[in-house]
Amino acid sequence: MRVGVLTGGGDCPGLNAVIRGIVRKGTQEYGYEFTGYRDGWRGPLDGVTVPLDIPAVRGILPRGGTILGSSRTNPLKEEDGIRRIKENLAKHEVDALIAIGGEDTLGVAARLSGEYGIPCVGVPKTIDNDLSATDYTFGFDTAVNIATEAIDRLHTTAESHMRVLVVEVMGRHAGWIALHSGLAGGANAILIPEQRFDLDQVCAWVESRFKIRYAPIVVVAEGAMPKDGEMVLKDGSLDSFGHVRLSGVGEWLAKQIESRTGQEARTTVLGHVQRGGTPSAFDRWLATRFGLHAIDAVHEGDFGKMVALRGTDIVRVPIAEATAKLKTVDPKLYEEIGVFFG
Amino acid sequence: MRVGVLTGGGDCPGLNAVIRGIVRKGTQEYGYEFTGYRDGWRGPLDGVTVPLDIPAVRGILPRGGTILGSSRTNPLKEEDGIRRIKENLAKHEVDALIAIGGEDTLGVAARLSGEYGIPCVGVPKTIDNDLSATDYTFGFDTAVNIATEAIDRLHTTAESHMRVLVVEVMGRHAGWIALHSGLAGGANAILIPEQRFDLDQVCAWVESRFKIRYAPIVVVAEGAMPKDGEMVLKDGSLDSFGHVRLSGVGEWLAKQIESRTGQEARTTVLGHVQRGGTPSAFDRWLATRFGLHAIDAVHEGDFGKMVALRGTDIVRVPIAEATAKLKTVDPKLYEEIGVFFG
Amino acid sequence: MRVGVLTGGGDCPGLNAVIRGIVRKGTQEYGYEFTGYRDGWRGPLDGVTVPLDIPAVRGILPRGGTILGSSRTNPLKEEDGIRRIKENLAKHEVDALIAIGGEDTLGVAARLSGEYGIPCVGVPKTIDNDLSATDYTFGFDTAVNIATEAIDRLHTTAESHMRVLVVEVMGRHAGWIALHSGLAGGANAILIPEQRFDLDQVCAWVESRFKIRYAPIVVVAEGAMPKDGEMVLKDGSLDSFGHVRLSGVGEWLAKQIESRTGQEARTTVLGHVQRGGTPSAFDRWLATRFGLHAIDAVHEGDFGKMVALRGTDIVRVPIAEATAKLKTVDPKLYEEIGVFFG
Amino acid sequence: MRVGVLTGGGDCPGLNAVIRGIVRKGTQEYGYEFTGYRDGWRGPLDGVTVPLDIPAVRGILPRGGTILGSSRTNPLKEEDGIRRIKENLAKHEVDALIAIGGEDTLGVAARLSGEYGIPCVGVPKTIDNDLSATDYTFGFDTAVNIATEAIDRLHTTAESHMRVLVVEVMGRHAGWIALHSGLAGGANAILIPEQRFDLDQVCAWVESRFKIRYAPIVVVAEGAMPKDGEMVLKDGSLDSFGHVRLSGVGEWLAKQIESRTGQEARTTVLGHVQRGGTPSAFDRWLATRFGLHAIDAVHEGDFGKMVALRGTDIVRVPIAEATAKLKTVDPKLYEEIGVFFG
């Protein structure tokens, strides 16, 4: 038995831990061999492989990124994509695939497995934690820790100068990183994509802090939007994936707060530091267990499935089900946390 | 309505986050007032209070320890304990108590609530994560992160000198910290109290690493014990709580490994650094939510209950049920992780 | 004897350590009393004080920011500034002042001490490390550590996606933070304000990395400028101090690299996180010793002087001399480090 | 020209940065080739080499330990040691050696260079910072940061339980790590090998803290000793190098404090975590520059010398001079810091 492994989409701390878990258990317990596919679906599409065995995964557990490289290549959009993948898998004598990735990567795996007879198992990966089938995804805890540490640091600057500090964190469609890091960092307002914010309310929170001589921190997810009126972002350009660059809500907000409250405001955009570097202990644990259970699924021939966390258990769910719905922040949870605003 | 709050037992990162959550929501949403009781049950027993209101909890979220102090005083073992507590609560006009603590502290709360008509709500606290009613306890994630970072550091020393490094972590009766930090730190053997270890097996794991020119790390919970024969600890003295000092398994093990394998071995006992200092983002989130839900329980008159984590939800369970059984490491989970040994 | 203490200019990790050092030694060894002036020179100007004694400085050593607050108020530009300061010092019975701050704050102290008979001692503070009289200033080491950790994290993202990552760090006029963090973080190019950079050269370095399948990190000080042509920054607005906002070199550079090399490039602007939060051990040591030596200078009546680090010694130099010349990066040092570019 | 490189003695964060600096500059600027010798002097003695070129040093900057391995082998004590080294160097066509190490390793280099005509350049390495020729040695700053962070964490535990915490840090003959981390961590007493401590004084400091309801932290270097009477250490055994194990002053002290003051006391021995893992930014900077200057010395034929830090400059001094005298803590500096005791 030979198993192909690939990682797709944005990088995320813990990818290497998953790969290591798969290879260690697959080799030692099941006697499998492995083929590493380079740069997501581009690997099986173009037949680009890397050696993948126990020596190859030694020492990678604490390392961020992915030793397999990543890309956003979608074989379903490539001419002859399915045929090329099938041919390459046959040529490499690969019997099954484990695809580690987000919605797009897993969506391909679901169709390959369901419609084209290519046995696939999925491992979910999204730093944004916005996948409904699992309690948490790996990488999220690391991102939240990094953002929280940054907010901790920004408090002292805010206090010393009695300034508003707006911290823009990741989260285009779901506010999980903002919510968790904002709460953990003691933010005075947390703005998420799920709920359009009221600028007057934000300014009222800001002003209530100054009344007691404390300087406010506002944590805003990059995808958050105001309730009324328009947000004119300074950068409407498209990035290399054709998405409109949403960067700017943080700076826009700081200017609005400045002009409405008369208080100085500054913005920090945390950016890519949130998704790089060594994974937290929680993410190493979760990612490793995802890897161990993914290879178990292969061993049991349970294809078309994805591993997921439920409480402290790793379970399996149909890939299709898992990618069907975005897990957004429940309004009740947001309200619960709202007691700390202002 | 006036609510008394106390923290008992060993300190744990996140205690202050719980207290802050209780006071913020209690004051802002329910209009309650608070009395802080000093040093666990000693506070209501001797009538020692500290002011507890919103200004008192400002800035405490990132701080380790507890602003209320702690002790292991057990009022059920004190002469007239119950009567003195009742009198003090009456004197302070305290209508309900929130007790944050481990098995002992919560055990008292359960009996006060059940047998003596003192309305109590519990918040579970154990850095060891060994409470069966909840998926995780706060403080545990912080401890695991600290231990993991230490193990990361020890790898390079081990490699440079080709030595065995034995790392002794907390865990007298349950091996959760050892299991999580050992896995996350890439340990080559993890020894836990739940399963007596076989010294020959440990030495075999150690030797298998040297064969491939890697230096092994052995993570051992302080309560782990060998299968056969005896472990003669160098310190059989009693500590101030009357417990036999179990410190020593780490050093004992290093000496055994040295004499059996002929490889140099060193021990590091992580000790108190595991339970001090600023909480991780996960622990700040969990502890804060425990605080918010504990005051909700008071508000709803749902006494004799304890808050607990189930998946991503905070639920309530009878205190008595929660403290009935130690949550130890499931043998299946230990076996799952065992693929990384050697 | 009563000594006034103030902190001016941008905040910087270590300010509280200086204050604590002054107060502990002044009180215990010399029997002095202290008056804390709030918000830099605004304190003595408007007579705004805060209590400053041993209990007030307890626990502040690890905390970033300044318990005295800060501002950029310049009394020499205020009507009647000198007279108001003199009156307030007289009213508060303050015999001498210790001013902790950068070029502006110390420039005022030098003139007050030299021309107006107000006995002042200076403690240099600049996170940018650009003061010629001292080997290092406190806060710098913390900033460099934070930036280095961020660069460490960004490497894995760069590698996983084979992207260029441009990291913009602090440094308007001197490239010390860029140089130290860029070297420590293993950057492939470091651009500093002292030497206009050649865009072709930068692109050549970037391309040389891709040839060996590594993704480059470019560290750029916010004040760095291209050799030829113009840098059209996207934001030419003035900030609240009337300075032109120089933010933008990072994003400008990423776009230039993208269009010239055809490689994807991203920017991370580290911003305020570099100057907030708990000081590194080095900064706590240096700042504390600066405080101890500043109060010694007061005790010896050695006014108009500033403390400075030379090797491992703390010395005193005339304030005026210290602020006369910016300490920029020596071209030889930059060349020495240049061996790592590309 | 071919240069041999070796690392000897205890491992130390920054060794890899030195090696990388040597190889990058030597290859790129001078066109040299390199031979890595494995495990200190054992390498040239037994002819054990590892490849050492630019690909070999890629990515090692942030890694602790040494890619060359280390040992305490002393060729002057080996039969025919000098002859074997000469033969191996000749066989490998190595023209000069760079030895990175402490007193012992450099002592050999001095004699080989001075008496036996083997051209050597030294790079000083001691985590203890106890070398008189240089302001600082790399690795020291990392160790101090780790110890300081541990002390920060221990404060909250001490406060919560009103206990004395004794922290034993590295330093057999010099108290630099204790002094710096103790000061930076806000310790209430710092005990160093250079000055025998007075137990009554230590207990008086401890008690003075309890009077103001704070719990004391005592930082003690492993080589510190009491003034009067004897310290009966629990472990008088020899370690594998034949040194008497000095571990124990921390635990001994805690017991003494407990019995004399009646306050509970606990000990944490930081141990090997102080010398492992990724170097701080300061150590990466210093170690890299040491490497760059060491290869310059080779290039200039300036043998028998060692690189050293003076202020912000890297200079060269005779190896022999550098290892002649231990740099201990100046009594005046210790007295200066003493203002924070109690």
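We call the chains A, B, C and D, going by the order they appear; numbering starts again at 1 in every chain.
Just so it is clear, contacts are C-beta pairs under 8 Å (C-beta built on N, C-alpha and C of every residue); 3 or more make two chains touch, one makes a residue touch a chain.
In this text, all values refer to a predicted model and were calculated from it rather than measured experimentally.
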Repeat of the B-D interface, chosen from C-D, A-B or A-C (over half of contact pairs identical by residue number): A-C
Chain whose mean Cα position lies farthest from chain D: A
Intercentroid distance (Cα basis), chain B paired with chain A, Å: 30
Rounded Å distance between chain A and chain D, as computed from the means of their C-alpha atoms: 41
Rounded Å distance, chain A centre to chain C centre (Cα mean): 35
Two or more partner chains touched - positions in chain C: 152, 278
Arrangement of touching chains [line / ring / star / complete / other]: ring
Residues of chain B touching chain A in the complex: 24-25, 28-29, 58-59, 61-62, 135-136, 141, 144-145, 147-148, 152, 180-181, 183-186, 214, 278, 280-282, 284-285, 288-289, 292, 310-312, 336, 339-340
Of all residues in chain C, those that touch chain A in their complex: 10-11, 13, 15, 63-66, 69-71, 146, 149-150, 152-157, 159-162, 165, 234-235, 240, 264, 266-273, 275-278
